[in-house]
Each structure stands twice: as structure tokens, then as C-alpha cells.
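Pasting a structure here, questions to come.
By written order: A, B, C and D. Residues from 1 in each chain.
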Amino acid sequence: METNRLEAFSDGVFAIAITLLVLVFLDTHINQHDVGGELVGLWPYYLAYVLTFVTIGIIWVNHHALFAYIAYADRTLLFLNIALLIPVVFLPFPTELLAKFVRTDQGTPVALLYGLTMVVMALIFNAIWHYATRRHNLLRIDVDRREVTGISRSYAAGPFIYGIATAVGLVSPETSAILYGVIAAVYVSTAAWGARA
Amino acid sequence: METNRLEAFSDGVFAIAITLLVLVFLDTHINQHDVGGELVGLWPYYLAYVLTFVTIGIIWVNHHALFAYIAYADRTLLFLNIALLIPVVFLPFPTELLAKFVRTDQGTPVALLYGLTMVVMALIFNAIWHYATRRHNLLRIDVDRREVTGISRSYAAGPFIYGIATAVGLVSPETSAILYGVIAAVYVSTAAWGARA
Amino acid sequence: METNRLEAFSDGVFAIAITLLVLVFLDTHINQHDVGGELVGLWPYYLAYVLTFVTIGIIWVNHHALFAYIAYADRTLLFLNIALLIPVVFLPFPTELLAKFVRTDQGTPVALLYGLTMVVMALIFNAIWHYATRRHNLLRIDVDRREVTGISRSYAAGPFIYGIATAVGLVSPETSAILYGVIAAVYVSTAAWGARA
Amino acid sequence: METNRLEAFSDGVFAIAITLLVLVFLDTHINQHDVGGELVGLWPYYLAYVLTFVTIGIIWVNHHALFAYIAYADRTLLFLNIALLIPVVFLPFPTELLAKFVRTDQGTPVALLYGLTMVVMALIFNAIWHYATRRHNLLRIDVDRREVTGISRSYAAGPFIYGIATAVGLVSPETSAILYGVIAAVYVSTAAWGARA
């Protein structure tokens, strides 16, 4: 089976997951007394919203980059791809919790939940790539083996980077949240820089 | 009418229904006192979420497999397809109830609701296949009759399998929920195995 | 501008609006005491859900039928199409209210809201068709003028039929709700019958 | 990379954001006593819903117009486009607040939030256009330089127009809300008129 169907379905899920992030705000209950003050007080929500928005954007860009190398999908790949979408769709929940609790004494569990979701996502990304590269008939025939090795290495780093940022949450959930932002910012700047270079 | 429009519309509905499963979590009201404990206590929600996520994934894969044989859609087929989407879109509701109540003394009605939704879905799947195969001009001209008979048999099993798992819910809703998971797991492993073989 | 973009966008909106109908259920607050009884008591919700699901399905089918005649879209047509989507996206709200209140003494306003939404939708449908047929360069060049006149007549009936069903709601909201169901059922059977004939 | 993927993803996000506007209504809690009166009292909600619906429609039309000139997307453009979607997806939140509070003494912060969201959106629109026109290899080769200059000017006006309407909110939030509506109405009439002319 060709991968366009799978890509279109995944794109749909990415687009919906990113848009459902607005629910993080619709669930806040702003009340009549000091709307301006409450809106300003929502600043961790704005940060968490932008963080996850950009993060899902990055996953989407990476998903495309990945499937630029993969020409065919068998059923295992279909289900690996569905597995990848499980943590992606879940993200609005840890995002809301991060915004709500990261600056309270309940920050550690929410920083861990956010980070673990990203670790699981990164692991499944690796599993997809590992599966596709081991079964040569799924890759495009014109793929350069050295490029494949390069991608394998950069993907392999993902779970470790997010694992470290998550572990930091045991000590300081706020630092952990900042690290999630730094990871996204570094990725975007590198990609944008790469595009300019 | 060709079926691409119908397939694109259905794919959209599958993608949205699968993504709305996150609402199961956004509706839980985690409070300030013991966030870590509450997140751990949500384990039936994680299981129910993964169960329905994979189940909708399977329905999506099956829907594609089905329409790989069907070349044209008349209006009856259009409306049968819309009928199929009715239980699919409904699934986040029984999923939430299953997560919330399956381990309480109110487990039976929620296990039944979940199972009946799947039985209805399986019956409409059969109706679509039955309708398409009886009107030969809707099938692709190169379809092998023996393959058609094979598919008819495997689809016919669906309502019975889910019917049994549902009936078990009258005695033990938890066993029923486990069976829904087993059905999905068996399907995925068989499909993945088939892909490897 | 060709119409595929407009159709894809509209299809997306139809698919999402139909899927958001599940929110009608997620907003019910089933509680611990008699889950089975409450689920049975939700029967007006199941009916309202199926009613609007099929109705949006019909609008989707009609939208396709309409744009099978229209080859090009100018900006006026783009905005008329966006206007059409306004009542479509709104539908989950009157659906929820209909389910909740139609059998209480507050049935009239909810039956009116539902019906008026349909009347507005039918009027905009006519406006789109009227605009497209008056500007011949938007229609496909091979369109049969007699077919166009036939469609104009059948579309013109829409606002009247829904208008009558709505007006009935002033006296009996339940009859009004039944009529909305009858309109949908007649449409589906005619379409399916037409497909068989 | 060609832009169709980016456009399809953005279209998905626009379609979902526009459809989620119904949540503005599903979050109102209509109660049993005077449903008719409450539905009439929701009139600021209907206006706010139509306002944002049409506004997102306009953004969608503009986004297409923009990408009719852009032939290729590099990663910077991908992320600029994701940045554009951040305020678009956010819009249901200020819409709900505008409907709820604009006529109370808490009107100013909600009018500001709505307007600032539009200003940010307009600024990113300019950034995308600025980036694409400065890197000639992203534009279509047949683009007329004078058209480009014309578009640059009309886009440059966006942040100012919304900036003024926002600033008015400091004095009169209701006037500010009316101005948001006037901006949308003028845009639609001009576009429709242009289409006729």
C-alpha cells in the first residue's frame, strides 16, 4: 500500500490535535469580577499552548520528513503509525495540567506526565524508522544509505533528550518545562537556519 | 459516483473521532491536592483510551480494505456509509463511561453500551459489504469471487465475536472490557503477522 | 478559481460538525447511582443524535450534488459557501437542546431554534444555486438547462418544508421533532430508491 | 518542498477552528426555567459566532490568495505558517469571552484580547509575505512584481486597522466589537464586489 492515505490520515490527526489545544483555554472558568487580571494570570497557559502547538508542528514536519523516505506501508507500519498518534492526540491533556499545576507544589507529576508522553512519542518514532529501514522494500529505491544512518542517529537522540528533560522534573518541574521549550526552540531555529544555509 | 470523496470524508470522520478521545481526559477534574495520585488512579482511562484508539484505527484500516474492492458508490451506499459512521463517532462516550464505571457496581450497563456500539458497527459493516457484493456493478471488475467469499465470512464473524464479548458483560463487565482489548490485540497481531509472512 | 479547494474545505467542516455531535453525550453528567437507568433515559439524545447525524449527511450529499454542476467559484460564491457552513456548524447546539428540552414544557423554543437553523441553511442553499445559475460562466458548460430548472424547483421547496415543520413547533414541539425526522427519512429513502431504480 | 501539503494542513486547521466555534454555545448552561428567554438573551453569542466565523473564513481566503503566489516552502516558511495558525486556533477563546463580557463592565480586557489576537495574526501574515518575497526562489516564476508590491501594501495595512479597532476598546469595548464586524463586512463586500466587477 502506498503511504499517501496514511499521511493524509496522520495530517488530519495532527491538525485536529493542534486545534483542540484551544480547549485548554475554554476549560478555564473566567469569572465576572476581574477578567483582565485573570487573563493576565493565565500566562502559563499561553506559554504551554504555544509550547505544545510548536511541538506538534515539529512532529508534523518530522513525520513528513520520515515519510519522504518511506515509499510503501504494510499493516505493521500502519499500526506503528497509529501507535505514534496515541501520544500526539494525548498531548492537550498534559498541556492543560502543565499550565495549571507547574508552578504549584504539584508540579512534579505534571512535568513527568508531559515528558513521558514525549519520550513515548520519540520511542515510537524510532520504532517506525527502525522497522522501515530494516525492511528495504518499504524505502524508496533511490534512498542514500548514508542519509539513512544520519537520520537514525538524530532520531535515536530524541528519547534521551526528552528523558533528561523529564528527569529534571523530579527536582524542578519549572526547569523541566523550560527545557521542553528550549528543545522546541533549538529544533525550530536549526531547521530555519538549515533552510537559510 | 467514484468512492474517493466518500473515503476522504470517512477518513476525516475517523481522524476526528480518534482525536476527540482526548476529551475523555479533559473531562476528568484533577484537583490541587494529590495530582500524582490522581494521575496514577486514572489508569482505567489510559487503558480505555488506548483500547478505543486502536479499535478506531482497526475500523479505519478495514474501511480502506473494504473500499479497495468497491469502485463506485450509489446513494444507498453513501447513506450506508454514513450509518457506519454513527457508531464510530459515538465511541468516545462509551469509552469515557467504561473508564469511569467498569470497576464499580455500575459496570454492566457501560460494558453493554460499549459492546452494543461495536455490534451495531459490525452489522453495518456487513450490510455495506452485502449491498456492494450483490450489486456487481459497484465492485471493481477485476475482483476475485473467492476473495469476496472469504471476506464475507470474516466480516460475518464480527457481530458474533463482539456479541459474545458484550454478553459476558452481563456477568462480569471487567472480563468484557478485557475481551474488547483481546479482540483488538488479536486483530493487530494477525494483521502485522500477515504483513510479515 | 476551481471548486475543489472549496469542496475539500467544506467536506472538512461537514466531517468535523458531524463528529462534534458526540459532545451532546459527553456533556451529559451520568452519575454513580443508576447508570443503566440514566443511559436508557437518554433515549431522546440518541434520537436527536441520529437525526442530526443523518441530516448533516444529507446536506453533505446535497452539497456534492450542487457542486457537480458548478465548475468555478468567484469570491462571492466562496463567501456564500462560508455562510452556508454557519448554520451547519451551529447544529450540535440545537441538537443538544432538542434532546434535553423537547419533552418538557420548554419544548417550543428548542424546536423553533432547530427548525430555524434548518430554514436558514435551506435559504442559503437556494442563494448559492441562484447565484451560480444566474452567472452562467460558473456552471459547467455541459449542463442541461432543464436539469437546472428541476433542481431550482426542488431546492425552492426546502425552506417551505422546514418552515412548516418549524411552525408546527409552536403548537407541538414533539410533532415538530418527529417531522424533522420524517423529512430526513423521506429524503434518504427517495435517494436510495432513486439509486436502485 | 511544494506547498500543497502545507496548504492542506492549514485548510484542516482552519476548518477545525471554525467548527470548534460551536463550543461557544455548548459551554452556555441553558436551564429549565425560561429556555426561550435565555436563547434570545444569547444574542451577543450569535453575533460573536458569526463575526469570528466570517473572520476565519476571510483568513482562509487570504491564505489561499497568498499561497497562489508562493510555489515552494522551506522550513522557515513551514514554521512561519505554523506560527500563523497559533492565533487562528486561539480565536474561539476570545470569541467566547467577547460574547460573555463585552456588554459588562469587564468589556475592555476581552475586546483587547480579541483585537490583539487579530493584530498578532496580521503581523505574522506580513512576516510570511515579507519572507517569501525577499527569497525570490520561493515565489512562482511568473509573478508580476507590481502585483507583489500591491499585495505588500494591502497586507501592511492589516495590523494598523486592527490595532486602531483594538485601541478603541480601551474607551468603548462595544464600539471595538462593532469595528471588528465592520472590518469583516467591508472585506467581504469588497471581495464580492471585486468578483462582480
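Rule of thumb we're sticking to: a residue touches a chain if its C-beta (ideal position, glycine included) is under 8 Å from a C-beta of that chain, and two chains touch if they have at least 3 such contacts.
This is a predicted model, so every value here is computed, not measured.
K.L.:
Give me the fewest steps it takes to get from chain B to chain D if each step has to go to a chain it touches.
P.N.:
Steps on the shortest route: 2.
K.L.:
Report the inter-centroid distance (CA atoms only) between chain A and chain C in whole Å.
P.N.:
One centre to the other, that is 37 Å.
K.L.:
Give, as an integer number of Å, the spacing between the C-alpha centres of chain B and chain A.
P.N.:
26
K.L.:
Residues of chain C that touch two or more other chains: which are they?
P.N.:
In chain C, 8, 12, 16, 20, 23 touch at least two other chains.
K.L.:
Connecting every touching chain pair, does the picture come out as line, ring, star, complete or other?
P.N.:
ring
K.L.:
All pairs of touching chains?
P.N.:
Here the touching chain pairs work out to A-B, A-D, B-C, C-D.
K.L.:
Over in the complex, which chain B residues touch chain C? Could you list them?
P.N.:
5, 8-9, 12-13, 16-17, 20, 23, 27, 74-79, 82, 85-86, 89-93, 96-97, 100-101, 104, 106, 108-110, 113
K.L.:
Using the touch definition from the top, list the residues of chain D that touch chain C in their complex.
P.N.:
Within the complex, chain D contacts chain C at residues 8, 11-12, 14-16, 18-23, 25-26, 30, 32, 34-36, 39, 49-50, 53-54, 57, 60-61, 64, 188, 191-192, 194-196.
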